[in-house]
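Okay, so subunit A shows up in both of these, paired with subunit B first and subunit C after.
Showing the complex of A and B:
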């Protein structure tokens, strides 16, 4: 294989932050889809997660543009693309789809929590009362008629939210899939692959967040809910991995001129992250473990453990998938005669430490949000009194919030 | 706080109304920011700031007209020598820098040119994507040992000082 790369390809310009961007956006879309399974499709076994999944989506949504902005360097220039968008550039789409989706998620969260917010505002004192009063936007009518309207609005918003979530992440896939000069990116399947892996990562994330939050609250996990997540994770993982493999198989069978480069990329340049982490740890092992997690002959503890391990592996696998797409695509020179080199950095811009910081931010936001807006629905056990504690540790009168 | 009893609450207190007004407020803020941020002349000629064109036109020229005709009017001998050698496709200002001030007032402005490895290395430094067949490339540090390139090469006829063409 001759080695020749164009001079402007020596440096890999899109680093780890651009890997995080589709990853975090995918987690948002996936978590939102889980909440919609309950709010739109009435999957009642997911009720314990119906609120948690929504505010998880929201917490990650707040951080989704951050890696992009940090990569950009000049934060406020990000608005320019929204102020003067152009139909010939899909990049402007993100600003609008993101903003629309953020407003939609905020509205849905607000309507779901409105009854609780009004309740908190009425039972708390001082600063907390003012805070919840502002949060209620002055809409304090919680009569059955008003709540009924809220439920209808939530259903409509959730229904609009599903295509929006698909658009949000499909868009990210579209951006990569439409780069016709790059053989590893250019495929119309890319939006679908991104979307399915987004759903996969979102479900996996919720499994882990559910485990950790139950552990922190010293509560048992709701097994039917976990098994439902297990089933959805398996189905979507199967679909996502089949499409990913089909894409590579198709490229290999066609054996067009760029196939040699793609094969070299997968076998020589990124074999550890692609064959090992993405396909091995992220797909193969979870696909085997997840059905065992649903096997009724095993004890509940082992089934939980298998599901949680699979969730963790899938999360890492999807991160590796984003890495393989974003970085892998840039390693192939446009000359189709050589590979660029990716250098791992630790502290500097787009290094590992800043990336881990950005990855941990949504979790920090989430841990703050669950204190302001407790999402605990309690599957079989019902809401717990202790869970209704404001950030200021003022115990509130628990309200039977079994509804949406 | 009339919790739960407000069956006939005014429309302005309905949740949908409050949420709608909030969203409209956000859109209004966006519209105001957009109005303030987008330059007035944007889109005047195309998808860019129209004033940009007039701003460029009003800027003082730093480069003399392209092509070497202006330079060769006074520096005929050097221009003649250069036209015979490898650098004959280059514009004088590629190495000598912007010369409009010198063209306007030749006696007052004498731009100096640094014939060092940094300047010559712009084209002659070894790069992964640039082969020696395309352009004579060297590892500039090793090749010159820190000396200025012009000690051995005359930029106007690169091989003349060292006995003519080497290949």
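Showing the complex of A and C:
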């Protein structure tokens, strides 16, 4: 086969930042769906994560547009995407879908935390009191009727949130899947694959965040909660990987003109990140380890360890998957006669260091958020909230309204 | 003094306020959107004088191209495309097919740096490439802000003041005709020298072609060379299966060319 790429394809146009964009929105969608499993579907075993998952989604949501903005050639025209949207473009929907989802997540968070905010406002002093008073937006009624309304609103918002989260991320898949010029992207399965891998990555992220936060707080992890995550992770990982394989199998079986290029891409250009990291470490090993994590004959410590290792592997695997789609797709020259070269950069724009910085931002935001709005909840059978938890180390007085 | 009870009525009022804030940002878009639709109506009613009776088309005779790449250099200079960077509005590909049907393609420096090769191919030819100005252009479809559009006389242009530099159009073009302008940081591509053809001149690549391999003209003028050739000769377009309906036609195009 001749080796030739079009002269304009020498530079890979979408770099690491565009790899981060679907990765981060995927984590948002996945984390949100975990919170909805509790709030909408009443999966009470996920209660310890019901709040943590929501503010994790929010923290990542704040950062989601950053890599996109940083990538734009004309940053100051970014809002034109909302002011003068071109409606045949999938990308034109970004501003609206993102804003809608952000408002939804903020509203849900506010309604969930309203009772706590009012309580913190009434028990704190000085600046903290002013701060929580502002956060409460003046809605200070925490009578059982009002709380019941809050609860209903949360359920409704969480229910609207599920299709929205699916849309938010399915749409990202559509951005890639609808590009007919690129044989590795162009498939109607792309939105579904993106969505399933998003859920997978969100669950995996929560497993890790749960582990790290429990360790920092010197608390035991709730085993039923972890096992529930383990089960969901396994099911969604299986679905995601089946569809990913189906796509490649279908392309290979049809063996159309582009297949030689796609096969060459997977076996010669990105075998390490595709076969190794995405499929091997990210799918195969977790698929085997996760059921062992649920095996009751093993000790709780080992079961936790297996689940956490699987979570970490899946998280890395999904990042590799985003890389293989975004960068891999651009390596195939549209001349169908060669592959472009991707150059890893360390510091410059879209380099590894700036990417790691963007990737760590949501975690910084999250660690600030858990101080303001503590999300810690006991297990399904335990008390509603950990009694120790206070924001900014405020000394709480016994609640007037009491626990529901 | 804060109200002690929070009634359903209060909730509705607060929720309305929150919603109002949420809607405020997108609502800012309305005046801008209205301006656009006004522009569209203006375009629909009278065809601008500039476009009347014109449908530009481009035709390349492969047999005549000698690979001198005069066109590549002239295009870069005419259109302010940096000479020292790997970005091209037009380029020339060299195809060498040996006796085993093995194809070798290259386009060093877009064709500016071809070097003599020691191999003796069975068949060799040059293929100049440029924007196909598709009738059904994927780049127009995917542009999120409508910065890329089609003129009434059949040319796809980029509005440099609107382009946000997202590079989605570069991904969507099946021909690799688009690139991000390294200095202006907006999408760029061949315009068939729209600034020249609107004044009755030829695109610069056509002008400098020493063999007449590149032909440009008005399809609505039956006497133009392009119109006659398109009627009589057997032409082909690139990647017809993409459904882009290119407006750039080739004479004598080999099947190995993608």
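As a working rule, the second predicted complex is superposed on the first by the 378 of 404 C-alpha atoms of A that agree within 3 Å, B and C clash if a C-alpha of one lies under 4 Å from a C-alpha of the other, contacts with A are read in each partner's own complex, and residues count from 1 in each chain.
Just so we're on the same page, contacts are C-beta pairs under 8 Å (C-beta built on N, C-alpha and C of every residue); 3 or more make two chains touch, one makes a residue touch a chain.
Only a predicted model underlies this, so the values are computations on that prediction, with no experimental measurement involved.
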Residue contacts with subunit A in the superposition, subunit B compared against subunit C: C
First (subunit B), second (subunit C), both or neither touched by A:6: both
Touching partner for A:174 - first (subunit B), second (subunit C), both, neither: neither
Partner chain in contact with A:14 - subunit B first, subunit C second, else both or neither: second
Touched partner set for A:149, first subunit B, second subunit C, both or neither: both
Partner chain(s) touched by A:292 [first = subunit B, second = subunit C, both, neither]: neither
First (subunit B), second (subunit C), both or neither touched by A:96: second
First, second, both or neither for A:73, with subunit B first and subunit C second: second
Partner chain(s) touched by A:139 [first = subunit B, second = subunit C, both, neither]: both
Touched partner set for A:342, first subunit B, second subunit C, both or neither: neither
On subunit A, positions contacted by subunit B and by subunit C: 4, 6-10, 80, 82-84, 86, 103, 107, 137-141, 143, 146, 149
Residues of subunit A touching subunit B in the complex: 4-10, 79-80, 82-84, 86, 103, 107, 110-111, 114, 118-119, 121-122, 137-143, 145-146, 149-150, 153
Residue ranges of subunit B in contact with subunit A within the complex: 1-7, 9, 13-19, 22-23, 26, 33-34, 37-38, 42, 47, 127-130
Footprint of subunit C on subunit A - complex, ascending: 2, 4, 6-11, 13-14, 68, 71-74, 77-78, 80-86, 88-92, 94-96, 99, 103, 107, 137-141, 143, 146, 149, 175, 178-182, 330, 333-337
Sites on subunit C touched by subunit A in the complex: 2-6, 8, 10-11, 14, 18, 22, 25-26, 28-29, 32-33, 36, 86-88, 91, 93, 102-107, 109-110, 129, 138, 140-146, 162-168, 170-180, 185-186, 242-243, 258
